[in-house]
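Each of the two complexes below includes subunit A, the first together with subunit B, the second together with subunit C.
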Partner chain A sequence: MSTVPLTLQARSPMKALPWAVPVALLLFALPQAIDPYKTILLAYGLVMGIAALGFNLLLGYTGLLSFGHSAYFGVGAYAVALIFKYFHVRSMELFLLGAILASLVVSALFGFVCVRYTRIFFGILTLALSQVLWSLAFKFYPITGGTDGLRVPTPTLLGLPLDTAGDKILFLARNYYYYVLGFFFACVLVMWVIVNSPFGKALQAIRDNETRAEFVGIHIRRYRFVAFLVSGVFTGIAGALWVPLNGLTTPDILYWPFSGEIVFMTVLGGFRTFSGPIFGAVVFNYLKTSAVGFTTYWQALLGAILVFLVLALPGGIVGTVVQLFPMLKKRFSR
Partner chain B sequence: MPGPVTRRDLLAQLGVTAAATFGASAAGIGFAGVARAQEKPKGTIPDKPFRIGHMTFFTGPGAVLGEPMHKGNLLAADEINAQGGLLGKRKIEVLKADEAAGTDANVKEMRRLKLSEKIDMFMGITSSGNTPALGPAAEELKLLTIFIDGCTDFLFDKAVPNPRYVFRVTNIQSADGSTCALAVAQTWPDVKKVAHIHPDYAYGRNCYDHFSIVSKKLIPRAQNVSEAWPKLFSTDFTSHITKTLAAKPDLLVTSVWGGDYISFYKQALQHGLFDKMKVATTLALGTAPHAIGKDHPEGVLAGVHANYHFSYPPGNRWPLNKTFVEKYKAKFNEYPNFQAEGAYTATHILRTAVEKANKLTGGWPDDDAIISQIEGMMIAGPGGYVYIRPDNHQGYKDAITGFSKNVPEYPFPILDPARIITIPIRNITAPPGWPKGEPTSTYTWIDQTWPTVKQA
Partner chain C sequence: MDILVIHLFNALLYASVLFLIAGGLSLIYGVMRIVNLAHGNLYAFGAYVTAWVVGQALAGAHPVILYLLLPAGAFAAALLGAILEPTLLRPFYRRAEEYQLLVTFGLLMILEDLMRFFWGPYPLTATSLFEKMGSLKIGESVYPRYNLLVISIGVLAAGFLWAFVYKTRFGVVLRATSQDMRRASAMGVNVNRVYIQAFTIGCFMAGLGGAIVVPGQSAVLGMGVDALVLAFVVVVVGGLGSLEGALVGALIVGIVREFGVSVFPEVELAVLYLIAVVVLLVRPAGLFGRTA
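Moving on to the complex of A and B:
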């Protein structure tokens, strides 16, 4: 059985407060200080942070590398678009409800198949299943619009009437940013509780040694299945929150490179820490956007960064900082 | 409906003409705006550069279309900057952005260009998968935009039905499928079995729809025997080619374009496809001309997006084209494609609108003033007159297609100068006031108003 070095430690919520509170306050205050464009980018980053958080429950905590998380993200997003298309609903809460249900159903179906396997078999299965969804979105032109995608207009938030004359950019950078931020905090909190609960501990036990975990009495497949569900739903929520930011859904978000991006951001931030995937998502989002703007060779640039990351910073950004921090502390206290 | 119409009558009604182009005629046709001496602008003009964000394909199989678009923009910007810039003061700066990053990233990038780079205008776009996403985004940003291509009818039919800031300069997409079908009806009226290979996205479906509706009217006996829908930016067409061969059609219609078309025709050559059937394309010679090799078969109906081929109008018959091609060749050491012409014309549309608006308002005109001048503008570009319809902000120019031919003067195939087909654009596109239709307004317009010819 493979063992991953254990650095995910149980921490009481109190211990996290000294850094969590300033970060939260910063996220609250930032839109006042930065321009609307950067705020919208940050909102993208937070949304992807939720997806990466969900993804990392499988990778970092359960030891399962999914290469098909675009599926749940896409299901969340397409649920929103289809709800609008067929029911003409514009309430974000109903969108989210639909996305949660849809991603729950799809991750239950896919999870049922996938959790029977681990390692490369698990990765390939998740990849294959996500490609099935992609090809459905791609080919069912009358329903999904094919590669043209489906447009979704500005939703109403919390049932408040829509200011139709309003500026869409300001809407995204103010109202919608705080809406996303609210969900982001809720998701982080829920995930924190999950990974520090007995259930979360059991997942980590399964990750570290499957055989031992089984002997302790953990029903491995069931635990993996539940982790898969939670992971899928988190990613689905992210997909739904992403739609108003982008304005439309396209099969791109169901395609395998998008799954790759979720893996990339998680590795970038560090999958052995709780906050790593979140930071990775925010940083990746800035990185990709500036790379695309900076050079037409942006793919090469991102590729080079990934290679550097794997070779030089296997712990990711947060993982490396966490490792360096005690060393620095020692040096400065001397 | 009046009595039965023959194909010949209907083609004549539609003004479909195939004519040998004759050599250089006497010069002396008046220039309509491009590259003339600058009048002194009214009021004080700031000398802040005018920034244009130009997004097109710089990487991947779309780049053989995208790169020339950017170059057309640069060439016009150079001409304008040589005279001091817009209104003699504001030099044009062109910022590049890669369309290949994907639709979602493109929306982000457009926002970045406007909000962070503070561009004054947005230009570009090749893929009709992207304009329906970027059109609404531009309207949200209140960003003056001229799309060069990405010419899906869907943009102004549905995605932005009442455009304010968004314009598009190259022909509406339905014209492409219709032009191809009319050319087939004129050239090969006896085809009975038709196969299709189209990229599986907006453009391919649009070409299929409009080819089908026009051929239903003009060659009603033709039947579909095979359809293949490769993914956009495929490199392997073998399975689609063998499927087509197995159906034994008389005619293959394809709207595969860019690097995809290059892969397609090379693979089709290996299978001897061009020997076994006639081939009609919508965009074969729409790429940068040098991208197609002399191994490309002759006599293929080689579409240029119903827009422009540098060899037409020939010689000095339309001096704007002669000077454009010469300047483009001198600057980039290659020949322009329809997108280079589109971007070049669009940049001059901007210049003309700014100059006209300045005369009315004095000083640097605001976007509203510039927009009011672009709406309804008729301008002569290298390919002919372009009219920007005020109601839907769509550019219209007469459609053109022709047949591939190798000539000693060029190291690549061109349109056979003896067999250029041109069609007045108003005869193949839905007129102003025609209700929005499904799949497009032009489709319903053709379906409801064109007679079906009597086929012997």
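Moving on to the complex of A and C:
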């Protein structure tokens, strides 16, 4: 514990550019180099990256561990499916708008209840509330399709007609990948601004010392509530973007083990860093896909990795690299 | 009239099993301040072991022996708990609660697959135990006798646990550790030993819940994950760390669920979770909990 740097370093945007620009260019160029299947896998990773980024505003920056983020992801996804089912809309922008509104309403409702608590009770309460939604999606067969879920066809992007001649794989690996990438960049940018704003600093102050933060004049519950909202909406956007990739929404994404997966990927990447959750989400997605292909017992493999991470590398991938970097630098300059 | 009696029995049946699971979860939290997300899997483990043992012994064994084999799942779960606590959980007591949730979530994933590895993806049953006891006439209807056995085991377990915690020397040590671990340690209590004992008892209860449930239903993958959220509802309603609370919470959940299934089946689960939310809002520590 003591070896993990406790502060998320506030770097100026300029300092982040040397590695952010190459990563962005790589993400932009990659679909030309790898096959469509891998591109779609990467798109899944980026979508989950948005969810993990939203989740980490609560865990990493506000110090609240939510075990119910499946709720907002699921609300985003089901909003898309229901909009299509009842209004026969196929525009992705309208889908996203609906998902943002729906996740905003639900996270306002849940957040109002949850921010009264911290620590273990916050975790249990978020979990219990997410299960309310799961049981509704599970049981209201006429509306949600129960465990069959709801099918959603490929949407239109930016109002343009589909131009890949009905080839869904190509559509997802080209048009839709870049669409997701655009949203991904926007979300990262917005989150970057949020965590480096006075608001973001106040959240970190609350995380580090609640009593002191209150003495400084921070209205703790209101700040937590707003953080909860932002976190929920980010996760809702991810849920909406996830639907066209999967083509189907099922209650599984509302069930609490899915919340556990969001926690897992964030910890895997490192929740004490800004970029950790993003790396964690992409890596987790590859890890899970290859583990599923490699063994029936992929769950045990991932579980063992999680236990190992928490025991040996609580800083996650990025946290550990950041920690090792100065040490390496020192050794080489000697 | 007899319909009402049957509903009541069903509610008690459900409450008995839930009490065993949630009571174990609550005991562990009360003493060790750990919320074990893998607790439901110990319940599932108990169910699988009993179903397997009974299935192995079924050929030609005397019925009485089969019923004596019923608690095998409970002992197996207790043994598993006694192995897990010192190896996996002990390194985490000094760390933030978040890490404990994470490590037990990892454990949940591992245990789920271990059961798949040992017993395959198909349900495992021990229905012969359920059928051999026949059924009872209540007015115009019939009711399986086995369910009454489950209810009496639930009542007995609650009684034993109460006597154990409030009437024995070990119970005093347990409660002292729960109230103030450091002071108990200063008074010469071996806290590590108390922890392993409390965890083992908690796992034993969960395993017993699984063992008595399996003849009536069957052991399936995912049953632990389902049971855990309901156990959460129970402990949140009753108060995390309180055994009386687990009992009352289990009764409330059992009754609401039984009547919910027949009156408002669509929202039956949602109502349960909403009860938990309302209790958390009105009485954050639960009906019987100490103020946090």
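Methods note: the second predicted complex is superposed on the first by the 326 of 334 C-alpha atoms of A that agree within 3 Å, B and C clash if a C-alpha of one lies under 4 Å from a C-alpha of the other, contacts with A are read in each partner's own complex, and residues count from 1 in each chain.
The rule is short, and it goes like this: a contact is a pair of C-beta atoms (placed from the backbone, for glycine too) under 8 Å apart; a residue touches a chain by one contact, two chains touch by 3 or more.
Values in this document were obtained by computation on a predicted structure and should not be read as measured data.
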For the combined arrangement obtained by superposing on subunit A, do subunit B and subunit C clash, or do they fit? clash
Touch test for A:293: subunit B only (first), subunit C only (second), both, or neither? first
Looking at A:208 after the superposition, I want to know if it touches subunit B, subunit C, both of them or none. Which is it: first, second, both, neither? neither
According to the stated criteria, A:168 is in contact with first (subunit B), second (subunit C), both, or neither; which is it? first
Figure out whether A:264 sits in contact with subunit B (first) or subunit C (second), or with both, or with neither. second
Should A:256 be classified as contacting the first partner (subunit B), the second (subunit C), both, or neither? second
Between subunit B and subunit C, whom does A:37 touch in the aligned arrangement: first, second, both, or neither? first
Go through the superposed model and pick first if A:149 touches only subunit B, second if only subunit C, both, or neither. first
After superposing on the shared chain, does subunit C or subunit B touch more subunit A residues? C
Which partner chains sit in contact with A:139 here, subunit B, subunit C, both or neither? Use first/second/both/neither. both
Subunit B clash site on subunit C (candidates 61-69, 115-123, 151-159 or 241-249): 115-123
Residue by residue on subunit A, keep only those touching subunit B in one complex and subunit C in the other, then list them. 138-139, 296-299
Of all residues in subunit A, which touch subunit B in the complex? 35-38, 40-41, 44, 138-139, 141, 146-149, 151, 167-169, 246-248, 250, 252-253, 288-289, 292-293, 296-299
Residues of subunit B touching subunit A in the complex: 58-59, 96-98, 101-105, 107-109, 111-117, 129, 132-133, 136-137, 140-141, 152, 154, 159, 200-202, 205, 231-232
Under the stated contact criterion, what part of subunit C meets subunit A in this complex? 35, 37, 88, 91-92, 95-99, 101-103, 105-110, 112-114, 116-117, 225, 229, 232-233, 236, 240, 265-270, 273-274, 276-277, 280-281, 284, 292
Within their complex, state which residues of subunit A touch subunit C. 1, 59, 65, 67, 113, 116-117, 119-121, 123-125, 127-129, 131-132, 135-136, 138-140, 256-257, 260, 263-264, 267, 296-300, 302-307, 310-311, 314
